[in-house]
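This report concerns only the one structure given below.
Order of writing sets the chain letters: A, B, C and D. Residues in each chain are counted from 1.
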Amino acid sequence: MESFREIGARLSNWNRWGPDDERGTVNHITPEAVVAAARLVRTGRVFDLGIPFASDGPQPGGARINPVHLMRDTGANQDFPGGFHFADDYIFMPLQCASQWDSLAHVFYDGLLYNGYPASEVGPRGAGRLAIDKLGKGITGRGVLLDVARLKGVEWLERGYVITPADLDEAAVRQGVTVGRGDILLIRTGWRRVFTTTGDSRRFMDGEPGIGLQCAEWLYEREVAALCSDNWAIEALPGEPDEKFAVHCVLIRDMGMPLGEILDFEELAEDCAADGVYEFFFSGPPIKFANAVGSPVNPLAVK
Amino acid sequence: MESFREIGARLSNWNRWGPDDERGTVNHITPEAVVAAARLVRTGRVFDLGIPFASDGPQPGGARINPVHLMRDTGANQDFPGGFHFADDYIFMPLQCASQWDSLAHVFYDGLLYNGYPASEVGPRGAGRLAIDKLGKGITGRGVLLDVARLKGVEWLERGYVITPADLDEAAVRQGVTVGRGDILLIRTGWRRVFTTTGDSRRFMDGEPGIGLQCAEWLYEREVAALCSDNWAIEALPGEPDEKFAVHCVLIRDMGMPLGEILDFEELAEDCAADGVYEFFFSGPPIKFANAVGSPVNPLAVK
Amino acid sequence: MESFREIGARLSNWNRWGPDDERGTVNHITPEAVVAAARLVRTGRVFDLGIPFASDGPQPGGARINPVHLMRDTGANQDFPGGFHFADDYIFMPLQCASQWDSLAHVFYDGLLYNGYPASEVGPRGAGRLAIDKLGKGITGRGVLLDVARLKGVEWLERGYVITPADLDEAAVRQGVTVGRGDILLIRTGWRRVFTTTGDSRRFMDGEPGIGLQCAEWLYEREVAALCSDNWAIEALPGEPDEKFAVHCVLIRDMGMPLGEILDFEELAEDCAADGVYEFFFSGPPIKFANAVGSPVNPLAVK
Amino acid sequence: MESFREIGARLSNWNRWGPDDERGTVNHITPEAVVAAARLVRTGRVFDLGIPFASDGPQPGGARINPVHLMRDTGANQDFPGGFHFADDYIFMPLQCASQWDSLAHVFYDGLLYNGYPASEVGPRGAGRLAIDKLGKGITGRGVLLDVARLKGVEWLERGYVITPADLDEAAVRQGVTVGRGDILLIRTGWRRVFTTTGDSRRFMDGEPGIGLQCAEWLYEREVAALCSDNWAIEALPGEPDEKFAVHCVLIRDMGMPLGEILDFEELAEDCAADGVYEFFFSGPPIKFANAVGSPVNPLAVK
């Protein structure tokens, strides 16, 4: 069986967009693709795919916590001329605690980041290369939802279920949609519902359904620009034995594909099922945190 | 002379969208307006209007600081099966330290928030009403840039310069654009350049050019949905004598208009001047921070 | 039955040390008492009563979280002349998440703080009066441990067990020690062990054994300077029906007594049991956080 | 001239207290020394040597900022049975932003920490060895103040002034005090006054007077347990040409001596000058932050 390193080498996009590239597969989105994507806006319905950022979010604690929101001012004890009062607030949070983009500096192996940058580019002061602000103009273009949970007729796919290329093909055929160059692909596993229906952050974070390594080639061939999911780590967990996050390794480090995680496709999926239209204009700009390896996001899908 | 309270009472949108409304002038954006806005995408050029979020940002310290970005993991000291390494990071910051939306809970006077909610809705735990996540699906639609600095032929308008309705009209005429219902209006003062050319955060934050109270009526009549600027507080500062942030009071608390501040219109303005097109598709979703009075943002303008 | 308000009024120390006092019962510690306390150092054994400040601490999440410790520098990616490397770190935490002093601004009722200061002294920017830095020179003097868990022959007193004045008297007699003016009293409930033996933060924080309202008078009569415990809130919880933290109300707001919580008396208690000496020199200075209502602490007991 | 590496090798305490030691020169403090130190308490006067922790502290921004103190609760919007109200707060800060202990993991060179531990013990998750909590029972014992600024008759020693062994000897003779085994030595440079009189954090942090490398041997010979100063980095800055923080390298990494910085000796120094007594009981326990390389502190000197 082919190792993830072999797969990664085969699907590598290093140098495809030059030795200084820091945008990876987002380069697949051409201006023409953006224009075509805007033409998909036909009814003006807007769907926000970000989950709430709150203390009761999906992080059970540990390496990542839920956001801590604190007020610096509430308007109390203020006495400005004219009567003006203001409120102001602070946030402390992991950049990947809720709806998020993984930057291309988030994952690496064998001492090299995407495009061959040395791992030393990531250090205590952050990422010198491939930081999330390099994707500041993105990620916007044609979005396509593949609703695998609906395809299988389940509330959610089971923990550890490995989504295959056949699943994606079948969903696309059933939905009457194709996935192609420059698309932002949204895969719905239903896993978001585990958290919204049970409120159990430990269960939500203890494994998940998701794509397997075989899907990497499927994404590569179609020249997908970015991949999003309603689980927390894109890939099936537990995954391959004796390996950790092999799909991340190939997608981020070899292919240079940004990953959007912990998104909410529920309302959008209902709408797509109702009107049979699974394509839309997608706009998911990261906040331009300098040297950061991730960013919170609230992507919009506009139909 | 009419007081800001009188102006606010005259331009009030309270109850216009019902007693439970928490979206204010964003209600001006209809689905039809979103469809029409998408038709403005003609070349596929994307402009990101958010500034970098970094320790050398525009906050000189005090009530608000620049973001503090800290790495939780760099990939060092990791030994996972297969060779996977990952980096992870945290942020601590005021929600209004750089490019930002002011929520409708940000400002109030006389004990009442927008739509008549009591000021007690804002407390130590945040905003029970009018928090920024209520605008999660927005703010997206037609964007229009009025480049007042260019109109006046200056690098930037002077500190304290009060932009008038006549200025806005003149800019619109000169640019061949009209501002109407549901538009997201971007007013360029050039003030962003004070920071980018001098790096002097104290100077940037010590006053600014911006609109005066008279513009509130202009915005009200045109049914503008949201207002953005490249300064840090929309309104001219120092402003009216003996009053503090009177424009904020009227726009946010009486009219219910979200304000976008500390944005960067430089690249967009160059492009608009070059092709003479000052309208575009605008997408600026806030991050859905629960109970928060503001949000960082990186809006996209797509032409 | 006497209400906590009546008890508080009877035991009030307001104005006892003048209208501007912000130190409360710490005033009971005279220079002579400090000298006498130092004479208790006979063997040079030092006991640290603070618990570790770590991500696996006793906070289960919610209003208070465990400390989040992040490295700003690890020495990686540094290249200074001579070969110097340094590490540096940040902390984000509630000031009362682990071993802590409650300042006299921490609790109030009926619109008034200790010594009659209005509750408005505490606002979004912190405490204008009675902040923890007002106790910067304290809290140091004679410490006395009353080991109620040992008296009762249990690992720990049960959740909700109300320690009575009789318990305190009995422990003092059994231990051969008296409690008097200016003493810092440490009451051992054993509750710390619930966390150290089970690691169950929810159980640790869901109620506790502790003193009841009757002990307030006992403390008042003896002119105790400060009270410390190995539970998280001094008082028995659940406590009096239909009242919340009545003991805090009386001790902090009426008597002006700082409270030390989530301390670890295990090693000290073993030593005291072994040599029969339950008095020692106590040194527990708060960190001088301006306007803060609490402080982390690591008190030392020196025998 | 001897390099700092040669000096460090000559003064090394590695293995002096065994291969697992993490306390360094604090081992010089014997129980007998603690008893003797307590005997120095003669009048009961207490001096707190920590500076205020506040937003207007000595950090001008950059790698370290001043503490950010935020209220989680102020008592507003609370309605508990009985009338109880409480305030609660959070802090975000560098562990070395104000009065602080440097742990023995703070500085290293040539890939090794104190006692020969590999530098890899310090990583993104903190210090596996030599963290500040290893000094939890310390640092307490006999304190001695050497007031070099007073010796020289100046408000403060000049930036870059190198304190020599002769200066220390002369101060000791003039003051009639000796420095010996297990002492916590406080060296007063007056530099604290630069900040308190000018409020200029940039000036305070841009260099300082302090000890030179020659003093390392002086401290080694006397078996000093810990060193404190009222400057921000113990050593003269700018220091040796072409080297960075050579004194830190020798004291922390070779000798294993914890350093206390940004302390305030003003009130204590006045008192010592008045009564001619420059020795006292010193109690400066760090907060036990797990894996941390520093800790805020508010040491007490008791005379």
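Methods note: a contact is a pair of C-beta atoms (placed from the backbone, for glycine too) under 8 Å apart; a residue touches a chain by one contact, two chains touch by 3 or more.
For each chain, UniProt lists the protein as follows: A, B, C, D = Cyclase family protein.
Keep in mind it's a predicted model, so treat the numbers as computed, not measured.
State which chains count as neighbours of subunit A and simultaneously of subunit D.
Both subunit A and subunit D are touched by B, C, going by the contact rule given at the top.
Copies subunit A and subunit B touch; is their interface built from the same residue numbers (over half shared) or different ones?
Same: when the shared numbers are divided by all numbers used, the fraction is over half.
Would you say B-C or C-D is joined by more C-beta pairs in contact?
C-D
Subunit A to subunit C: how many Å between their CA centres?
46
Calculate how many whole Å lie between the centre of subunit C and the centre of subunit D, each centre taken as the average of the chain's C-alpha atoms.
Computed value for the inter-centroid distance: 26 Å.
State, to the nearest whole Å, the distance from the C-alpha centre of subunit B to the C-alpha centre of subunit C.
Those two chain centres are 46 Å apart.
Which subunit A residues sit where two or more other chains touch them?
55, 68, 71-74, 76, 90, 92, 123-125 - these are the residues of subunit A that touch more than one other chain.
Which bits of subunit C are touching subunit D when the two form their complex?
Going by the criterion above, the answer is residues 4-5, 30-35, 37-39, 41-48, 50-55, 63-64, 67, 69, 71-75, 80-96, 99, 105-110, 119, 122-127, 133, 136-138, 140, 240, 242-246, 248-249, 281, 283, 285-294, 296-300, 302.
Give every residue of subunit A touching subunit D within the complex, in rising order.
Touch list, subunit A to subunit D: 68, 70-72, 74, 76, 90, 92, 124.
Give every residue of subunit D touching subunit B within the complex, in rising order.
55, 61-62, 65-66, 68, 71-74, 76-77, 92, 120, 123-125
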